[in-house]
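Dropping the structures in below, format is C-alpha cells.
Next come two complexes built around chain A: one with chain B, the other with chain C.
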Partner chain A sequence: MIALSQGRTKELLAIHGWSGVLLGLLLYAVILTGVIAVFAHEIGEWSAPLPYAEHELPQQGLDAAMRARANEVDPAYVDDISFFSDTAGRIRTFFHTHGTKPGESTPTDRGVEFDLDPRTLAVLDRREGWADELHEQNLPAALADFFVELHVSLHLPNPWGLLVTGILGLAMMVASVTGFLVHRHLIRELFTLRKKKDPLLVKRDAHVIAGTWNLPFAFILAFTGSYFSFAGAFAIPAVAMVAFGGDQEKLIETVVGVSVPENKTPAPFANLDAMLADAKARTGAVAGFVSISHYGRADAVVSLSMMPLEGELASDNLIYNGATGAFVQQKPFLGQTPSLGNDLFLLMTPLHFGHFAGIWSKAVWFALGFAGAYVTLTGMLLWTTRRQHQPGWAKLARAAHWMGYGLPLALAAVPLARFAAPLLDVDVRAAQYTTFIGAALLATAIALKVRDLDALRRVLLAGTGIALLLAAPLRWLTGGPGWITVFDAGLATVIALDVALLLAGALCIAAARRAKPATLPMNERLPEEASAA
Partner chain B sequence: MQMRSVINYTLRMSTDALPNPSRRRAWSRGLLAGPVCFLTAFAVMAGASLWYPQGAAQINNIAVPIIVFPAIWAALFFYLMLDRKLGRAWIVAGVLLLAHAALIGQHLMAVQAAKHAAAPVTEGAAP
Partner chain C sequence: MSLTATAASLTLIASALPLLLLARRDPKRLRSVAGSVLAPHGQRTRQGLAAAALLPGLALMVLGYWPAFLIWLGGITVAGWLFAQGLASRH
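This part shows the complex of A and B:
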C-alpha cells in the first residue's frame, strides 16, 4: 500500500482521470495503431508476399547488384547509397544525394530507389524523385506504412503530428504514474474481480486489473514513445541550435558519423561482399543496414549496422574504408567509445518496438499494448458513463463509444482498400486514406443516429467484424497467393495473419450479438474515490 | 451549450480537486503545469547540452538530455501540479526557465561574437 493523504489521493485521482479523459480519445488511437504497427513487417509480408520468406540482407551478390544499379543512375546519386530489408521483405536500395526541394527550406534526399528481390537481387521496382515522392510510389509497403504513420504522427504534417503524439505519450505517462499511486491496495487489486457485483463495478475491476498489470509496460511505452516523437519534432533541432549553432548535419556527424578528410579523387570501390563477410566473421552477426558514402571516391566510407545477436538488445557499427575494403573500426552507434548516451539510445528502440526476441517478444508487446488500449478505452467509458446523466457528459460518453468502436472499424476497412485499389486502377495509398476517412465518417453518422450506446457499440463491432472477415478472402481473390502456395513457400506469416483476422472478425461478430446488461450510473463512489473523500 | 456545460463542469471538478478551491488558482496551476512546464522542460533539455558532462565519448551532453526529456517533463509536471505552495512552484519553474534561457542566450551570443571576430580576417584575406 502506498501511504498518501486523502488530499493527495484526491488530487492524483483528478489528474489521472482528466489526463485520460481530455486526451484519451487520441491516446486510444495512438495505442491501438501502435499495437498493429508492432507487426509492420508481418503486415508487409501478408499484403505483398514474395515467393519466399526472407528478412535479411543477402551475404553474397550485393556487391554486383550495387555496381549494376550504380552504373544506371545519375552519377550525383551515388553520393550516398543504403540497403536494408524493408517491411515487405524487399531489399530497399536508395541511391541519393542531398538537396532542398523547390519551395521548401529543410534539406531532404533526392535519388533513385530500387526494390530488389532478396534472393535473386533482380529489380522488382524502380522509383525516382524526392524522398517523399518515393515514399508515395512504394506499393508493397503501403499497408504497413499506413498503420505506422497513423501511429507515429496521426497522418498530420511534421512536426505537428510528432508533437501531438509526443504530448499524448506524456499524458499516458501521467496516467500510468498516477494510476500506480492512486490505487491504495496495489497487490490486492491485481487479483480482484467482483463478478457478482454491479456491472459498473465489474468493469471498474477489469479496468484496474488490466491497468495494474500493464502499469510498468504503459510507462515504458509512454516514455519511449514521447522520446521518439519529441526527438524528431524539436529536441534534435533544439540541441543542434544550442550546441552546434543550428547545424543539424554537424550534430549528426559528431554523434553518429566517422570523420574522414574529404578526397574527391576517383577511386574504384572495394568488394562489398567481402566487407559483409568480414563483419560477420568479426561479430557473428549479419548486417541489418548498409550505408555507403562517396561511392567511387578515395574517401568512400562503408558503415555496417549489425543486427543484435540472440539474447542481446543492441549491437555495434563496423566501419570500412570503401576504396580499399580495409576494416577501420568497430564503434558504438553514437560516438567513438562506449557511453551512457549510446546505451540509453540503443535501449529505446527495442523497448518501444518489442522486436528484440523475434515473434515472441512482438507477441508479448502486442498483448500488453492491446491491454493498454483496453485500459484507455474502459477508463474513458467508465469516467463518462458514470457521468452521462450530468450536463454535457452524455456527448462525451457517445464520443468515447464512437472512437472506441468506430476506430477499429475504420482501421479494418483499410486492408480492403489496399487489395481492391489495384483492381480498380486507383492509387493504393490514396485509396487507403480515403477508405479510412470514409469509414470514420460512416462511424460518425452511425454514432449520431443510434441513440442507445450499447446498440451503437454492437453496430460498430458488427461492421468491424465484417470488414475483418472480408480481408483474407479479398487478399486471395485479388491475386494474392492461396494457403497451399504460401505453405509450400514457407510463408507462415500469411496464413497466421489470415487466421488471426478471421478469428478476430468472428469474435467481433459474437461480441456484437451479445447485448450488455444496462449499467446504472453509480451514485456511490468507487473505492479509491470513497477513500479519498 | 452542452460543450460549455462540460467545460464548466471540468473547471468545477478541477477546482474542487485542488487544495485551494479558488478558480483563479486553478487557472494559475493549469498554466504552470501546462505550457510553462513544457517550456521549462524544453529549456532545461536544450540548456543541459551546455552543462551536462560530455563523457569520454563526448556525446553524453547531446544524447542524454534528448533521451530523458520525457522524464524531465514528468518530474517537473508532478512537482508543479502537487506543490501546495503555488507561489513557490512558480518561482522554481521561473528560476529554471530563466537560468537555462540565460545560459543558452549567453552561449549563442558568444558563438555569434566568435563568428563576427573571424569574419574580418576572411574578408581581408579575400582577393
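This part shows the complex of A and C:
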C-alpha cells in the first residue's frame, strides 16, 4: 500500500477514471484487436491454408527460385529483394525499387511481389505495383491483415493512425500507474472478489482484481505499443527531417543498413543457399528474413535476420558480400557496433508480440491481452453506468456498452465476409471493411433502439455468438478443407481455431442468456472514493 | 515439446499449486465469504506459500531461461486472476 493524502488520492482517481472514459472506447478497440493479432499467423493459416503446415523460410532452393524470378521482372526491381514467411505461410518475395508515387511526397516501394509455395517454391501468386497496391491485392493474408492493421493504426491513414494508437498506449500507461497508486490494498485484496454483495462492489472488485494481476503486463504492453506507434509516426520522420533532409530511406539505411561504397559495376550474384548454410553453421539458427541490396552489382549486400535460438529472446543479424558470398560481419540491428540501445530495441518485439516461444508464449499473451480488454471494459462500464442518471452520462454509458459488446460483433462478422466474398465475386478486402462497418452500424442502431443497457448487452452478445458459430461452418462450406483433410495435412491450427470459435460462440450465447443489473447505485462510494473523501 | 515450453509448464505448475493454496485460505477473501468454514492461513504460512510460488520464476531468472521466465510470469498472473474468479464463483 502506498500512503497518499486524501487530496492526492482524489486527483489520481479522477485522472484514472477520466483517462479511461475519454480514451477507453478506442483503447478497448486497440487492446481487443491486439488480442486477436497475437494469432495473426494462425488466422492466416486458418483462412487460407496451404496443403501442409510450413512456417519457416526454406534454407535450400531459394537461390534458384530467386534467380528465376529475377530474370522475369523489370531489371530496376532487383535493386532490393526480400524473402520471408508471411502470415498465411507463403514465402513472400518482393523485388522492388524506391520511388515517389505520383501526387505523393513520401518515398515508397514499387515492384513485383510473388507468393511462393514454401515447399516447392513454385509461384502461387504474382502482384505488381506500388507497395500499397500490392497490399490490397494480397488475398491469403487479407483476414490477418485486417485485424493487425486495426490494432496498429485503427485503419486510419499514416501517420494519424499510429499517432492515435501511440497516445492510447500512453493513456493505458497512465491508467495503469494511477490504478496502482489509488488501490490501497493491492496485496491484501489479491483474491477478494465479493460476488454476493451489491452490484457496485461486485463490478469494482472484478475490475480491480483483473487490473491488479494484469498490472505488470499492462504497463509493458502499453509501453512497447506506444514505442512502436511513435517510432513509425513521429520519431523516424522527425530524425529523417533533422539529419537526412526528410529522406527516411536514407535514415533507415544508415541506422539499420550496412555501409558499402557504391559500385554499380555488374557482377554475378553469389549462391544464396550457400550463405544461408554458412549462417546456420555460424549461429545454429535458420534465417527468418532475407534482404538483398543491389542484386547483380559489385556492391551487392545480403542481410540475414536469423530466428531466435531455443531459449533466446533475441536473434542475430548476419551480413554477407552478395558478389563473393563472403561473410562480412555479425551486425547489431541498430547501428554498426553492439549497444544497450540495440539490446533494448531487440527486447521490444518479443515483449509486445509474445511470439518468442511459439504457441506457448502466444497463448499466454492472448490471455494477458484478454485480461487487459476485460479491465478496460469493466472500468468503462463501472465509471459510466453508476453515473448514468446524471446529465450526459447516460449517453456515455450507452456508448461504453455499444463499444464493449458491439465491437466484438463487428469483428466476428469479418471472417464471414472473408469466406463469402470470393463466392460472390467481390473484392475480399473491400468486403471485409464493408462488413465491419455494416456490423458496427447495426450495433449502433441496436444501441439506439434498445433502451435497457443489460438488454443491449445481451442482444449484442447473442449476435457475436451467432457470428462466431457461423465462421467455421462457412469456412468449410465455401471450399475450405474439412477436419479430416487438415488433420492428415498436419494443420492442427485450422481445427484448433474452428473449435475455439465454436466454443467462444457458445460462451457468448450462454452469457447473453444471463441477466445482470446494468444500473449501479449512485449513493454508495467505492473504497477508493471513500478514502479520498 | 521444446525446452522453453517444458521449463515454463513445469514451473507454472510448481507455482500454481502454492498460489491456489494461498488464494483458498486468503484471510481477506474468507472474510468476504459469508459462512465459510475454512480457517485462514497465518502470516508465516502465507509468506511461505508466496515464496514457494515465486521460487520457480526466480530459478528461471537465475538460470537465464528468459523466454520460459516471461511465459511463467505471464502465466502466473493469469492463473492468479483465474483463481480469484474461480474461488469467488463457488460462493
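We adopt the following convention: the second predicted complex is superposed on the first by the 521 of 533 C-alpha atoms of A that agree within 3 Å, B and C clash if a C-alpha of one lies under 4 Å from a C-alpha of the other, contacts with A are read in each partner's own complex, and residues count from 1 in each chain.
As a working rule, contacts are C-beta pairs under 8 Å (C-beta built on N, C-alpha and C of every residue); 3 or more make two chains touch, one makes a residue touch a chain.
For clarity, every value in this text was computed on a predicted model and none was experimentally measured.
Legend: residue contacts after superposition of the two complexes on their common chain; A:234 is shown touching chain B, with no touch to chain C.
In the superposition on chain A, contact of A:342 is made with chain B only, not with chain C. Using the contact criterion defined above for the overlaid structures, shared-chain residue A:15 touches chain B, although it does not reach chain C. Look at A:97: by the touch rule set out above, it reaches neither chain B nor chain C. Residue contacts after overlaying the shared chain place A:444 against neither chain B nor chain C. Taking chain A as the reference, the larger set of touched residues comes from B, when chain B and chain C are compared.
In the superposition on chain A, A:7 makes contact with chain B only, while chain C stays out of contact range. By the touch criterion stated above, A:214 is placed in contact with chain C alone, chain B being left untouched. With both structures placed on the common chain, the touch criterion links A:271 to neither chain B nor chain C.
For the contact definition in use here, the chain B contact set and the chain C contact set of chain A share no residue. Chain A contributes residues 185, 188-197, 205, 209-210, 213-214, 216-217, 308, 310-313, 350-351, 354, 356-358, 360-361, 364-365, 367-368, 371 to its touches with chain C in the complex. Those residues of chain A that touch chain B in the shared complex are 7-8, 10-15, 18, 169-170, 173-174, 177, 222-223, 226-227, 230-231, 234-236, 238-239, 241-243, 245, 251, 254-255, 332, 334-342, 344-345, 348, 390-396.
If you check the complex, the residues on chain B that touch chain A are 2-7, 9-10, 13-14, 17-19, 42, 45-47, 49-50, 55-71, 73-74, 77-78, 81-82, 104, 107-108, 111.
Contact residues on chain C toward chain A in their complex (touch as defined above): 2-5, 8-9, 22-23, 26, 28-29, 32, 34, 65-68, 70-71, 73-75, 77-78, 80-81, 83-85, 87-89, 91.
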